[in-house]
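Some structures are shown below for you to check.
Here subunit A shows up in two complexes: once beside subunit B, once beside subunit C.
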Partner chain A sequence: MPRFDQARPFLTLGLVLLVWLVLPTAVKRVTRLGFYELQSPVDIAASYARDLQDFWSQKTRSKNELIEAARDLARLNASYELRLQDDARLRTEIARLEELLRLPSYGDFRAEPARVVRRDFSVWWQRLVIRKGANHGLTVGAPAIYSGGLVGRVSEVHANTAVVELISSPGLRLAAVFDGDDRPVSFQGGVNAPLRPAEALLEYVPLDVFATAASPRRLVTSGLGGVYPPGLYVGEVFTLEASTDGLFKTGRAVLDPRLGRLTEVTVLVPLDPAP
Partner chain B sequence: MLRDSRQVLALLACAGILIAIIAQLNHALAPLAVTVSAPGLLIAFAALRLPTRTGLALVLFSGLWLDAAATTPFGRQAALLGIAFGFLHNTARRLPREETLIGVVSALFVNLGLFVLLAVIDLGSLPDSSAGALRLLADLIVSQVFTTLAGPWFLSLQNGMLILAGAPPPNRARHPV
Partner chain C sequence: MAYAPRSSVPDRPGSMVESHRGYDPRLWLFYGLLALLLGVLAAGLSYQQLGRTDLHRERETVQSQRRVIVPGPRGNLFDREGRLLVGNRPRFAVTLNLDELRTEFRREYLRVRRNYRETGDKDLPNATQLERIARVSVVQGYLQTVNRILGVREKVNAEALERHYSQARILPFILLEDITAEAYSRLLEQLPVNSPLQVYTASTRSYPHGRLAAHTLGYTASDDYLAVNEGLPGAELTTFKMRGSVGRQGLEAALDARLQGQAGGAIYRVDPAGYRLQPALEKRRPVQGADIVTSLDLDLQRAAEIQMAENGLAGAAVALDIASGEVLVLASHPDYDLNDFTPRLSEKTASEINAQGAWLNRATQGLYPPGSTFKLVTALAGLRTGHMLPDSQVECTGSYQVGGRVFVCNNHRDRGIITLPQALEKSCNTFFYHYGLQTGIDAIAAEARLHGLDRPTGIDLPHEARHMLVPDPAWKETRRGDRWFPGDTANVSIGQGDLALTPLQMVCLVASLARGETITRPTLLHQNPPEQQIQPRDGIAPIARAAILAGMEAVTNTGTGRILQTPRFRVPGLRIAGKTGTAQKATTQGILNFAWFVGFVPVEKPQIAVAVIVEGDTPGEDVAGGRYAAPVAGAIFKAWADKSGLYPPVATTTAPPSLAP
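Coming up: the complex of A and B.
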C-alpha cells in the first residue's frame, strides 16, 4: 500500500498527460488563448501603472527644465522638417527610377506606435509584449522598429496585445547586408550573456569583407524577402573569421544595448499584405 | 470537493500574484540580461501540504499559466512541474512539511532540478551552447536568491489565503519512516 501511495502522483499525472495528448489541437489552442488573455490585463495594468509613475515623476521637473526640453524638441522638429522634405524628394526619385527600370516596388507600411508592456528576455527567447494587437490592425510577421533601427518582428497577435520577437532572439533569422555592400549575409540572434549587450551570429559572409575592433562594419537589413524594409540598422560587427569550410566567413554582431530598455516601438503594418 | 476547489482557486490566485511579480521583475532586469524564474515556489506548498489530487491540479494549472506566455509547446512546463510535484510529494512524507525552511529548501531543489533538466533538453538547440550555459548559470543564481528571499513570504501568503478562503491545509503529523 505505501508503494501504491508513492506511485499515485505519477499515475495521476500519467493519466492527465494521456488525456492531454489525445485532446484535439483546437482545445489546446483555446485553452492557451484563455490563459494568455487571463493574464494579459495584469500586464497591461502594470504598464499603465508604470506610465502613471513616469507622469508623476515628470511633474516634479522644474519649469526651467521643461523650457529647455521644449527648446531641444523645437530644434529636433526643425531638423525633422528638413528631413521630411528630403524624404519626399527621394521617394519621388525612387518611384521614377522604378518606373524607368521596371523594378518591383518595395511594399508600403503604416506606422503604428505601441508602448512596451513587458520585456521577456530568457536564455531561450527575447520578446516584448506591446500594448496593441489585432484590434489595432497588427498582423503576424510585421516588422517593429525604434529610433535606433530594427527591433524584430511580430510573432503573435492577441486582441489588445502583440508579441514582438527581438532580433537578439535565437529563433529569429533574417537576411542582412553590410552598409555599402549589397551581398546578403545570414543573421541569427544569439545567446545573450549576462551583463553584456546582446549579440547575434553571422554566417555566409563573403571572404573579402573585413571588420575589426578598430574599423567595425555596420549591418543593415537587406530588404530581401519583403518582410523588413531595407536599410534598417541591425548591429555592429567587430570580428569576422573564416568558416570551417573556408568558403565564407562567420562573425558576431553586437546589438544596440537600448534594445533591452525599450519602452516604445513602432510596428510597420504592411498596407498590402501578401496573400 | 468544494473545499478542494476553494483551495485550488485560492492558491491559483497566489500563483498569479507570484507570476505577475516575477514578470515585472524580469521586465526591470532585462537590460542586465538575467532572468528570474521560481517554479519551485509554485510547487513547494502544493507538494508539501496538499493532498495529491488538489496539489497536482494546482501545479498543472500554474504550469499552463506559465506555458501560455512561453514559446515552448503548450503543456510542456505543466508536465515538468507535474513531474517535480510527484517527486517532492513522495519525499514530503519524510519531512517536517509545515516548516517554512523545508518549503524554501524544497523550492530551491526543485528550481535546481528543473534548470538542469531544461539545460539537458534544450541547451543543444541554442546557437552557442557555452554562452547559453553561462547565462543559465547566472539565471539560476539570481533565481535561487529570489526564491530564498521571497520563499517565506510566498509560503505564508499561500497559508493565509487558504485560511481566508476557509479551507486551511490539513495539519498532519509526520509519518514514521
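Coming up: the complex of A and C.
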C-alpha cells in the first residue's frame, strides 16, 4: 500500500494526461480559450495595479520636474504637429503619384494603442500579451508597432487581450528591404535566449548588398507582403556572408533591445481587411 | 476424546497416484532432432546477424534512405574589366512538401469515399482512383491558399501531381513557378513558417545585356544527367536529382566544365510509403562553379553591335588585342536574346530565330570569299618570293587579259600607272592579277597556309568552321578532276574563286601582319597581364612591310575606306591601316555582295585588329566594304580610342562673341 500511495500523484498525472489526449479537439480548444479568458482579468488587474503604482511614483516628483516635463511635452507636441503637417503633404503627393503611375494604394490602418500586460519570452517564442482584444477590433495578423519601429504581429486575439508575436520570434517571417534598396529579403526571428540581445536571420540578400560593423545597414519593412506598411524599422545588419551557392548572401539582423522592455504598443488595425 | 487430524489426501487408491514409467528412448531422437533444428536456426541467426551485418545494414539503408541531389549554380562570366556578362538570378517558386500531407491525404480519402457512399453513386471509383482524387483535392486546397494570397486563380495539374507523387514524392512539388518579387514577399509574410507550402529558390541563368555577344556567350539548356561529385555520400542509394543545366553554345558550352557548379544534396530517411522523414541525415550545400573573366570588352562589343544593327544586314565583327590575341569583340548579326532561353526557349521564339538565320555564329562559322582583303596575302606572297617589289607598278587600263578571258577592274577611275600602295588604296584588281599570276598559285596558297588560313584558329568556342578553303591545283584536281587555269590564279589573287574563310581567320591574319608574325592564336579568356603571342616571324623585309602599311593607311585616308575620316568615325591623331573588300558569291537568289573591312590601329604601334563582314541580301545591290563594313570597324576603333585616353578630343574653337561698339 505505501508504494501505491507514493505513486498516486504520478498515476493521477498520467490519468489527466491520458484524458487530455483522448479529449476531442473542439473541447481542448474551448478549454484553452477559456483558460485565456479566465486568466485575462487577473492579468489586466495586475497591469492596472502596475499603472497605478507608476502613477503614484510619478506623484512623488517635485513641481519643478513636472513643469520641466510639461515643457518638454509641449515641445514634443509642437514637433509632432509639424511632422503631421509634413505627413499630410507627403500623403497627398504619394496619392498623386500613385494616381499618375496607376499604382494600387496601400490599405489604411487604424492605430489602437495597447498596454503590455505580460511578456512571454522563451527560446522558441517571444510574445507579448496586450490589454486589448477582439472587443477593441483587433484582428489576427494586424501589425504592432512602437516608437522604434516594428514590434511584430498579432497572433491570437481574445475578448480583452491579444498575443503579439515579436519580430525576434522564430515563428515570425517577413519581407524586409535594406533602407534605400527595393529588393525584398527574407527576415525571420532567430532562436533567441531570454535576456540576451535578440537577433534575426536574413536570407535571400542580393549579392551586391554590403554591410559591415563600420557601416551597418538599416533594415525596414518592404510593404510588399501585404501585412506590414512600408518603411518600419526592423533592425540593423552588421555582417553579411555570401552563401556557397553564390546566389545570395545571408546574415543576421540585430534588433532593438527596447523590444524586450516595451510597456505599450500600437496595433495597426487594417481599415479594409483582406477577405 | 482424542482428536485425530484428517488426512488432507483422500484415500482413493489408484485414482490419483501417477506411476512413473520413465522416458521413451525414442523421444531422445526427437529431442536430438529438435536441438539440431534449433541449432541450425541459431547458427543461421548468428550468421545473418554477425556474419552478414554489413550486407543487411546496407540493404536497410538502401531501402529506407533516399538521396536528393541539388545542382550547384553555374559560375559567372565577366568582361575583361570585370563587368558581369552572364550571371545567375534567383527563380522563386511556391512548392508543397507532399511528405507532410500524408495524414491529410488519408483523411481526404475517407471523406471522399464517404461522400460517394452517401450519395449512392453507383460509379464508385476504386481505391487507387479515390486516392488520386484525394491528393488532388488536398493539393488544390493548398493552392487555394496561394491563390487567395496572390489574387490568382491557379489550378493543380493533376497529371503532373500524379507523376511527381509516383516518381519523386520526396522532392517538393512545384505549384507556381517564376513568381515575382512582390508575390514572393506576400507569400513570405503570409504563409506560416512551418507550413508545407514554402517559397523555393532555384538558380537560373541571367544575361544582363540581353542580345549582346549572344553567339559568343552562348546559352544553356536543362539537363537531367546532373553530374554528381564523387565525394557526395550515398552513391548506392536511390537518388532523385533536381534538373541542372548544361552549356549548349558559345562560352557556356566551351567552358561548361569550369562553369558547372558542384552539386549538393541531402540524404533522408523515408518510411515504407516513400514519405520523407525530417530532418535530413546528411546535408551538403551546392557550391557555385568558377567565375571566368573573358577577354571581351563590353564597350567595344556594344559599339560594334549598335553599328551592325544600324546596317540592318547580316554580318559579323571580330576585334583582337594584337599583342595577346585576346578577342575584344566577337559579334554576329542577326542575333537573339539570351534571356529567351531561360528557363526554356519557346517554340515560337525558336522558329523566329530559325527564320532569321540567327543561329549561325557568322564570326566563327560563316565561310565567305574574302574579296579584296585577300590582296594582302597576294602582296605578302609576291614580296616574299620576289615577284613583287615595294616599288612594283602596273599600268591599269580597266581590264586585264588572262589567256582568252578578260578580267575587269572597275574599282577606280584613275587609270594609269599603279604602285603597290596605290593598288591597295584603290583596290586595283589589275595590279594583283598581274603580280598574282607572276607569283603563282602555289606561292599564294603557301602564304595563306603560312598564316593559318587553311585551318581553324582553335578559338575556345565550339563548332568553329572546319571546311575553310585555300584552293590550289592539287585541290582542284582531287576535288573536281580538273586542271588549274591561270584564270583561277587571277581570281584567287583578288580573293575570289573558291576561297572560303571566316572573319575570325581574317582578323588573325591582320593581327599577325601587324605584329610581323605568321600566326595569331585567338582566345576568349583574359589573363592579367595578358600573355603575349610569340609566333614565328613572317620574314617580310621592313621596306616591303612599309609599302603594304602605306597602302593600308591610304585606304582609310583617301581610298576605299575613307568613310573612316568622316566626322562620325574620325579620331584626330589616330592612324588607321585598313583594307576593304567586296566579294561576290553566286547563290540561289542570284549574285550577292559581301562587304569586308579588315584593319588595325594605330599604324605606328598596332594595338587592336578588326575584321568585319556584311552580307548583302539583295542580288545586284551594291553592298561595298567601304560603305557597309568600314563603319562597323570605325565604331570599334572610335570606342577603343575613347577608352584608351590617347586621343583626347580636339577642343573646338569658337569665335568670341563680338562686343557691340
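Assume the second predicted complex is superposed on the first by the 249 of 275 C-alpha atoms of A that agree within 3 Å, B and C clash if a C-alpha of one lies under 4 Å from a C-alpha of the other, contacts with A are read in each partner's own complex, and residues count from 1 in each chain.
Here is the rule we go by: contacts are C-beta pairs under 8 Å (C-beta built on N, C-alpha and C of every residue); 3 or more make two chains touch, one makes a residue touch a chain.
Everything numeric in this text was worked out from a predicted model, so none of it was measured.
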Examine A:S243 and indicate which partner it touches, taking first as subunit B and second as subunit C; both and neither are also allowed. second
Of subunit B and subunit C, the partner touching more residues of subunit A is B
Given the touch rule stated above, what does A:L224 touch, subunit B (first), subunit C (second), both, or neither? second
With the two structures laid over each other on chain A, which partner does A:R173 touch: subunit B (first), subunit C (second), both, or neither? second
Identify the partner contact of A:A46: answer first if only subunit B is touched, second if only subunit C is, both if each is, neither if none is. first
One more residue to check, A:Q188. First (subunit B), second (subunit C), both or neither? both
Check: subunit A residues flagged as touching subunit B and also subunit C 170-171, 188
Residue ranges of subunit A touching subunit B (in the complex, touch as defined): 6, 8-10, 12-13, 16-17, 20, 28-29, 31-36, 38-39, 42-43, 46, 118-125, 127, 155, 170-171, 188-196, 198, 201, 257, 260-261
Report the residues of subunit A in contact with subunit C in the complex, numbered from low to high. 170-175, 183-184, 186, 188, 204, 222, 224-228, 243-248, 275
Complex interface listing, subunit C residues touching subunit A: 72-73, 75-76, 88, 90, 148-149, 181-182, 184-186, 188-190, 192-194, 199, 201, 203, 261, 264, 285-288
Which residues of subunit B touch subunit A once you look at their complex with the stated criterion? 16, 19-20, 23-24, 26-27, 30-35, 37, 52-53, 55-56, 60, 64-65, 67-72, 74-75, 79, 82-83, 85-86, 89-90, 122, 126-128, 131-132, 134-136, 138-139
